[in-house]
Each structure stands twice: as structure tokens, then as C-alpha cells.
Amino acid sequence: MLQVEGVMKSFDGFMAVNGANLTVGKGEIVAVIGPNGAGKTTLFNLITGTLRRDRGRIVFKGEDISELPPYEICKRGISRSYQIVNIFPRLTVFGNVQVAVLSHQRKSSNLFRPAQNIAVEETRRILESVGLLNKEKSIAGSLSHGDQKILEIAIALGNEPELLILDEPTAGMSPEETSATMELVRRLAKTRGLTILFCEHDMDIVFSVAQSIMVMRYGQTIIQASPEEVRNNKEVQEAYLGGE
Amino acid sequence: MTFGGAELICQLLVGISRSMILFIVCAGLSFVLGVLRVPNIAHGSLYMIGAFATFSITKMFAGSTGFWIALILAPLLVALVSLIAERALFQHLYQREHLMLLLFTFAISLILGDLVKIVWGAEYKSVSAPALLKGSISLLGASFPRYNLFLILIGPLVAIALWLFTIKTKIGKISRAAAVDREMVGVLGINVSWVFAIAFVIGCYLAGVGGALVAPTVSITLGMDHTLIIEAFLIVIIGGLGNMWGALVGSLIFGITHSFGVLFWPQFAIVFPYIAVVIVLLLRPKGLLKSVW
Amino acid sequence: MERVIHRRNFLLFPVILGLMFLVHPVLDVKAQGPIKVGIIDTYSGPPTTYTYDVRDAFKLAIDEVNAKGGVLKRKIEFTTRDDKFKVDICLSMAKELIMMEKVDILMGTINSAATLAVSEYCKTEKIPFIVTFSKSEKITGEKGHRYIFSITENTAMIGKAAAAGLAKKPYVKYWIAGDDYEYGHALADGVWGNLKKLKPGVELIGQSWWKVGEPELTPYLTAITAAKPDAVIFATGGASMVNAMKAAKATGFAEKVPMFIHTATEHSTLAPLGLDAPEKVIGTSNYHFYYPDTPKNRAFVKAFKDAYGREPKVGALYGYLAAQFIVKALEKAGKMDREKFIDALSGLKVDSPVGEIEMRAFDHQAMLPMFMGVTKKVREYPFLIASDIVTIPAKDVMPSIEEIKKARGQ
Amino acid sequence: MFERMIRSNWFVPITVILIILFLLPIAAPRFYVYILALIYVTALLAMSLNMVVGHGGMFQFHHAVFYGVGAYTVALMLTKTKLPLWVGFIAGPLVAAITGLIIGWFCVRLTRLYFGMLQISLGSLIWAIVFRWYSFTGGDDGIHGVSMPSFLSSLNHSYYFILVVFLICLVLMYMIFRSPFGSTLQAIRDNAQRCEAVGINVRLYQLGGIVVATFFAGVAGVLFVVLERSVFAEMLFWVLSLEIFIMCLLGGWFTFAGPILGAAMIVALRTFVGKYTEYWTLILGVILILVIFFLPEGVMGFFQDLLKPASKELSERGR
């Protein structure tokens, strides 16, 4: 479904991503791991078009998307959530998700119909599926950190993506929240038939959830393989697992 | 129309000397923008206060000494005003929305404008250049005002002083770091509030220096703040926000295109700065030099 | 709870409205109250150099009249409004003076655009409007009407006067430089058109225009010096005047190239410059406190100095003239009736500090003489004054009635 | 829908205010009628700006240009051509919107201060044209005494005309504010990057917002001509842009009706305080600082917080 081939990106001469390769098959749950600064978030930014790669190819469903702007990539079925909470703080929880739903339904440019009557069903269904329906009227900026991270995911679901990219979905969460969130991710993948690409610091989560793991270091892909293989890979152990 | 080489050189020098005052004022504005992230509309008012204060101080002394004393004291007075404004009001607002800070500096500029009127009255004021810098010298057959020569010398001095300040002194280094990442500076246990205050005062001090230097060449009036501030913002923008060298480049572009513009296309003089900004921003959307924003 | 707050909120509105009504002064019973003059002018920023003198001289004259019991046994009262040199505020303030203060006569304004806007309003409201400082020739020319009067010079008059003076000088190659706005261009066109008529041999070798309020004029002056004209006509006003004079002095321009600037010899320009003003600049002005040296002028200068501790500038003449015209027209009209007042004011003559001035009946433009002189340092004053003054009589200064008719498309 | 309107808490107060506004010319002195009409015009201008600043999060620093373009268009059409009045009234906003499209097309490429300064530069070029083209625009003298047909000739008639147009615009703007387009703009203000990530072409929407806002600014320009019969180059100068910007911030730029309050406050201040002192800008400065310190969301934002104790509690609990 998604192929990343030899992608590079430098900032002022610093090679943030220096030859990353990644394959995500349909319906898979794939994790990207690597030490801080390995280039995971940059890689996600390249895939979603927030940054433009210097070299290499990013192919989604057979189409080269590496030159497309983010909104076009989104329209082709890739949604993402962010590591640092990245929501619409002054809108309500409902409004946050609705923006994405409206965009997905191509209704954002409607000038005169009240938004409160459009896409209500879909938005509420998403809120219900992540468990935020009871807080739909709250201002998003006032939610707890954990709820905001969930809202992150809910916004990403608004576009009804085929591929959902989650950048450290549990960052800053308590252990209970973390396990609940990962349970939610797993359930969503199953019920909605989503393909999921995520990165995460907690190795227990990674190895219990992911079907395939890609390991990065210094912006480079070391290996992409099943959890078993990764666990047993010498290079990975040296570079990363052993180091921590 | 043809011009001799002497006239062209003269015109270039006039352009540079004009750039120097712009540079000094804009460096201050840019410094505040970089460190505090505040578009300080009151900067123009402080420049105006600098000029008015120069007038008053010059009048207190007989002869030329007054001007030299004013050149020291007037900017210090401006710095004092800005310190009061910063400590009493501004420091409580750094967490606010940018546009609110803009509104705040606008409010300050309104207040300062009327205060100037109350203190100095509304009439034109004029300061004469010190005897040493009066009149003009002959330069390749064309005459060139001595005072402008003085400005050409003093501009680079200020630039070097500011540059040394930012790379050599502790406060300079901290404020440079704060421009890039203010959270980090806070983590290092540095009192960010005072760093901001000092940066603000230094920026405003430069506005005062600019006001004092400009005083002998123009009529000092209410409303000179308005004329300046918009130009200063445009310069800072094309140079790159928060970049001191950007302010220098921007000022030179403004000063030199202006002085040659009036030589060759005087009828379009009023649109030169705007066209310069449009061209620069369409080619380099973040200004010519690296911006800290 | 929520509803209560709602109601309080919307109750606020009638309360504000009610307060507005309370503030509104009850003025309907004013039959024998004072005659009200509203002055709308710029009392902030650089124009105050001129407008304060207008106001103060007007007050001086009105106080004198009121001390003697007023006109038609009624006192004259005036209120001022500051328009901040902005057209929209000027319009609002003018409307406020007319609608709320119910002034009988409106005067003032230094901003030409504002004057034209207020003039149109006065035309519809049928209020006499006496312009004290705006220089646009359109005011009493192209856009003139029954309700507008001007007691100040305008660009057409300056052009005629300057041309009359310059035609006598030997210069042939001219350069024109000035403030890039209506006043500058109109003035330049006026001088040049008339000069060309009087002396067809003159030649215009170039022009420079700078934006209004341009602080640094040195680049322009060096550019002009490079072109080596015989003389330069500067079409500037306000703060640019001082800048131009300073730059002329600093670059030594004034010694090399003869320059003409309207109002260069005027005290408003020379006073702030002190001894820094350049000598030998040719200028024109409606008024000097030292010229004409007549008893009437001396008396006026003394009264003004006693009251305000400074020498009167040209604005003072306008303010004083306004008061003289208003008082005399009221006396002639016999009562405060706007139409009668206008009839009385048209063609009226008053004995002013600069001699007898007539309000021309056709276009309601006061016929002012112009004084051309050259700046000079003298021992008596800490500033320069005009010397070698030549009086250009009003008849040589005024645009002809044919010209006015042509401008109005009649 | 209508039923819901009647049942709404706002129905009674709004109706009462409307009735007062419509009856006012009968009882009030003419000057208040004039000032109210001026407030409507200014408020419409401020609200159109707030569509892009408060709701769109763009640094629209030179909004006055579009107001001036609208006003000049109608004034020029009425004085230089024989076209019927309504053509001018429609052309004003349209030309303003087209100007908005052109300037906006360049500006949306940039962000924040760069956006704002580019707009000031481009707008100032238009200002310079108006200021310099004496034969066409009248230069800095402007055009005065634009004649209006008899149904708009008296102050009361123009008051009603302005009020009705103002109310229509208000309703339209409110609909846009609540529409998907409006909420998308607000989302862009909150977080443009995130909007791109949910499939929104941010620049396109920003440009759309600018066009809509400049259209309403053009309407305000037309209404100004109806009220004052004058246009002048100052209307396109950046100082006025700054003033309307201040009105939005003062009234409360995240609220819908805040700019109306801001405009009313500034117009009233300069008219009624300006009467007593030439230092009214000093007073304005002090008021602004008080607002910044004590009413951080603007005056209207403050009232809204009062009206919504529930949501405020919620937000506190959230923290």
C-alpha cells in the first residue's frame, strides 16, 4: 500500500533522514522505532507532505505522492496524528472532528448552511468510537492531555483514512491511559479495516501491537521485519535495544 | 539627463548616510522582534522622543557641546522610558497572543505621542548641527554635507558594537539564544524576564540614538513617528525578522534605491519602498537573510 | 440565572442611549443667546504651527468685540474641534458643530480634502463656511458656491504672485521640486503656467517630487545641483518647508542655486529654524509682523504679543481677518440671518493689519496682497527675516473672474 | 428554524434593539442618527476585517484599501458615468472583492508578519495610484459632493438604507460564520498545519476568506459614500487599517459581534471625548491598556464569558 524508497531530507546540511525505506501492506500495523533524533517524525512529515523530500520516492497505492502538498495526500487516504498535541484549541471537541469530516465530504466550502446541521451523524459516530461523545461540547483546549491525544486520533479518523499514521500516540500518558489508547487503536484497526503506521517509545507496546517493525538510526533504515526478527537482529540490539 | 561620476558618488553616499539612521532604528526594532517576538509599534514614538529630547538638551547648553551631550543623554532618556513601560506593564503580557502585544504597543504609542505633545508642544522644533559638522565639504567637485559624512562613520560603529554585544557579552548570547528557543533559556535557570527587559531596553535605546542622530537634519515634529515606523517595519521584513545584518541590508536597499530613484525616476519616489518589499517578498518569502521566526 | 444576565445586557443599550440624550445640551431656546461660531481645525501634529495662530488671533479680536458689548447686542462665542488632520473626523466634527452645537457660522480647516468635503456639506445645510488655511484653489474656484468663503491665499494666487515676482529675475533654466500631493502640484503648475505666460523664454529642465513629510531631502538637493539649473522653484508646505530649508543650508545649496519657496520668508518657517535658516532664499507670504510697518499692523502685533508672548505669524492674520469680516458682516446684515450674513459678506471691505481687504463678491475669495522678499540675518532677532520686500498688489494676485468661470465650466 | 429563533434567548432582546434602532430617527437629534449610521458603516468594516483576522487568523494589515476601493468605485461611477445607481452599488463591493482576490493571491503565499507587510506594500501601491492620479481620482483632494438620488437624500433616509444593508450583511456574515466554510476558517486560524493534514487546501480557503471579507469591506465603502458623499485618499491609507484592526481587538476578535462594539466605542470616543479634549488619543491609549490587562478577550469576549458560566466552569475543570 505504501512504499518509501531511499528517501532523504536535510536541514541546513544536517541529514535528518538519510535513506529511509519502508513498506506498509494493506491492513497491517507497522511500527517505526529508533532512538531520539533518528528521524521518525521527519519521516512521517515527509510521507504526509508537511515536508518535501530531497531525494527518493514515496508511493501510495501505486501513485508517487512525494511531490504532493499535504491536503492532496490526505485526500488520497492518509491521515495522521501528532506527537505534540496538535488540535484546534478554540473549537469544541465536536468542531475539531467536524472540520475533518467536512473536509472529507468536500463540504467545507459551503458558505450559507449552518455547520451545526451538517455531518453531525458521522462526527458523533467517530466521537463515540473513541469515547469522547460525552465531552463533545467542551472547548478542545480545556481537555486533559490524555483526552487531547485521543482527540488527535479522532480528528485523523474524520477523513476516513485507509492509512492512519500515529506519531507517538501515547506520549505523556499514564500507564492506564496508554494501554486503553493502544486497545483503542487495535480496535479501530479491526473494525474500520485501517492500515496503521505508528512510532512509539514504549517497546512493550511496539512488540505487542505491531506486525512489522522498521528500525531507524541516524535517519537511516536498519531493518524492517517482523517483531521476532527485529528482536533477534544483532545490529538492532547493538544500536538501539542494547543501548537503552 | 546625464550625471557626472562625482554626482553619482555623492548620491550614493547620501543614500548610505540615510541608510545609517534607518539601520540604527531598525536594528533596535529587529532586536526586539527577534528576542521578544513583539512588533513594537511604539518604536517610532521612542525615536520621536529621542529627537525631541535632543532638542531640549541641545538648547540647555551654549554652542556645540549641547548636541554631543544630547547624543549621550537623549537615548538614555528613551531607554529609561522604555524600561518603565516594560517593567510596569509589558512584562506581564509576554504570554499573550501576538496581536494583543501589537495592540499594547499601539496603545503605548498613542500615549507617548500625546505625552510628547504635552511636554514639548505641537510646533516644529529644529536642532542645529554642531559647529564641527556644519556646512559641506567638496567631494570631487560636488558638495557633500559634513553631517552626512558623520552618519556614514557612525553607522558601522553601531553595527560593530551591536555585533560585539551579541557575540561577546553574556546578555547578548542569552538574548540570541532566547530568540531561537526561549524555553531552553528558561530551563537553564536564567531569569528570562530580565533578559527580555534588557533586550527591550537596548532595542529602544537604539531608537533613541536614531532619533538623536536624525534631529539636526530634519524638522522635529509630532507625526515623525508615523512616517518612520512603517518604513522601519518594511525594512525589518525584507531583511529577515530579528536578523541584525538583515536590518543593515534592508536599510541599505531602502536608502540607496531611494537616492538613485530620486535621481532617475523622481516621479515614482513614493512607491519605491513598497515595490522593493513586494519584489523581495515574492522572491524570498522569509526575507533576504535568515529570520529567527 | 442565564436569562437575568441576558436582560441586564440588553438593558444596557437603552441606558446608553438615555445617557446620550442627557449629554445632549438643550439649545432650542437661543433667540438672544450668543452668536455661535464653530472652528474646526487641526490642533494636533505639525499643522498647529499655523492653526494655533488662527485660533488665538481670532480669540483676540472676538474678545475685543465682546468687551465692547458684542455685535447686535449679542456676544460672539466660539468652540473649537480638533480634526487630527483627518477628513473623516473633520466631517464628523463639522456635523457635530452644525447639528448639535447649532453654530451659526463655521470656520477653519487646513486640510484641503477636508475643506472640500465640509464645503459640500455646508452647501446642503446652508451654513456659511469661512476657510482659514486650506490652499486649494478649487475651494473658491471650481468647487465654489454661495456658502463658502476663503480668507486665505490659494494655489492660484500663489502661482500668480510668484510668477509676477520671478518674471523680473534673470533666470531662464528652472527646476521644480516639491511635496508630492495636490498642494505641491497645484502650486507648481500655477507658478509655472503664469511664469511661462509672463516670460515665454523660460525653460523647465526637470522636476523632483518627494512624499509628504519626507524627512531627508539631501538626496534630492544633490540630484538637483547636478542638473545645474539657474533657479529652483520649491513647491512645499508644512514640515517639509523646514526640512527643505535645513537641507538647503547643510548642502550649501542655497548659496549655489537661487531658490524660490512660497512662505520661505514667512515667520512660521523661519522661527523654528532660528539662525540655521539659509540666507538669500526668495519667498512670498501674506504677512510679516514687521511689514507693512503701519500703525494698524504695529497695534495688532503689540496686542498679539501682549496676549500670547510671541510674534504673530501668517495664521494670525487669517484669524484676525476672519473675525473682522464676521463682525462687520453681522453689523451690516443687522441680524443673525445666514442668508443676509452671506449677502453682507460678499463684497465687504475691512481695514486689516495689511491694509484694506475686500471679499470678492463673485467667488468669495478675500483679495490679499502678497509680499515677496529674500531671507536675511539681522541683528535684532534670533531668527531670519525677509528683506527687500516687494508688495505684489491683490489685483495682480487674484485669478480673474473669467478663469473662475472657466474652472466652474460656466 | 423560525420557531427555534423565536424560542431562542436572544430573540426578545434583539427584537427590542431593532425596534429602537428603527424608531430612533423619529425621536433622536439628527447628530445621533448620523453618528449611529457612521457606527454601522464602521462596524461593518470592522466585522469584515474580523472575518479574516479573528476567524481566519490572518494578519490582514491593510484592510482599508478594500474599503476605499469600494467607495471610490461607487463615487467614480456616480460622478463620471451615467450608469444607474444600483450598478455602482453592486460594482463597489465586486471591485473590492476582485482587488482582494489579486492582493490575496500574493499574500496567502506568506505567513503572519510577512503576510501582513506584503499586504501593506501591495495596498500602498493602490493607495499611491489613488493619491497620484489627479485627473481620475482627484488625488489627495478626493471627490466630494457625490450626488445621491432623492430616496437617499435626507439623513433619515440614508440612515434607514444603511441600517437595512448593515443588517442584511450582518445576517449573511453570521451565516458564513456558522457555515462549514466559517468553521473551516476558524480551524485554520487555530491550526493551519493540522488543517492541511485533514485535507484542507489552506491557501485556497484563506484566499476565499479574503475575497468574502473584502466584498463586505466594499459594501462598507459604498455605505460610507451614501452617508458622507465624499471619498478621499486617506480611506486607503494604512493608518485607517490599523484603526480598524484595533477595533476588532478591542471589541473581542474571537467573538462574532465584538467588532461592532469596538467600532462603536472608538467612533463614540473620538466624537464625544474629542469634543472636550484634544488629547482623546491619550484616553484611547489608556482604555486600550486597561482592556488588555483586565479583559484579555476584548470587551465582547468578556460579556460572552459572563453569559456562559457553564462553559467557563467546564474549562476550569479541564485544567
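For reference, chains read A, B, C and D in written order, and residue numbers begin at 1 within each chain.
One rule holds in what follows: a contact is a pair of C-beta atoms (placed from the backbone, for glycine too) under 8 Å apart; a residue touches a chain by one contact, two chains touch by 3 or more.
These numbers come from a predicted model, not from an experiment.
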Farthest chain from chain C, comparing Cα centres? A
Between chain A and chain B, what distance separates the C-alpha centroids? Give it in angstrom. 47
Measuring from the mean C-alpha position of chain A to the mean C-alpha position of chain D, what distance in angstrom results? 40
I'd like to verify one number: the distance from the centre of chain C to the centre of chain D, where each centre is the average of its C-alpha atoms, in whole angstrom. 35
On chain B, where are the residues touching two or more other chains? 117, 270
Using the touch definition from the top, which residues of chain D touch two or more other chains? 131-132, 281
Chain C: which residues touch two or more other chains? 43-44, 180
Under the stated touch criterion, can you name all the chain pairs that qualify? A-D, B-C, B-D, C-D
Once bound in the complex, which stretches of chain D touch chain B? 53, 59, 106, 109-110, 112-114, 117-118, 120-122, 124-125, 128, 131-132, 238-239, 242, 246, 249-250, 253, 279, 281-282, 284-286, 288-289, 292-293, 296
Chain D contact footprint on chain B (complex, rising order): 39, 89, 92-93, 96, 98-100, 102-104, 106-111, 113-115, 117-118, 226, 230, 233-234, 237, 241, 270-271, 273-275, 277-278, 281-282, 285-287, 293
Of all residues in chain D, which touch chain C in the complex? 9-10, 12-13, 16-17, 20, 24, 28-32, 34-35, 38, 131-132, 134, 139-142, 144-145, 228-230, 232-235, 270-272, 274-275, 278, 281, 303, 306-307, 309
State the interface residues of chain C toward chain B in the complex, per the touch definition above. 43-46, 48-49, 52, 180, 206-211, 213-216, 218-220, 222-223, 225-227, 239, 241-243, 246-247, 250-252, 256, 272-276
As the complex stands, chain D meets chain A at residues 172, 175-176, 178-184, 186-187, 189-191, 193-202, 205, 208, 212, 254, 311, 314-319
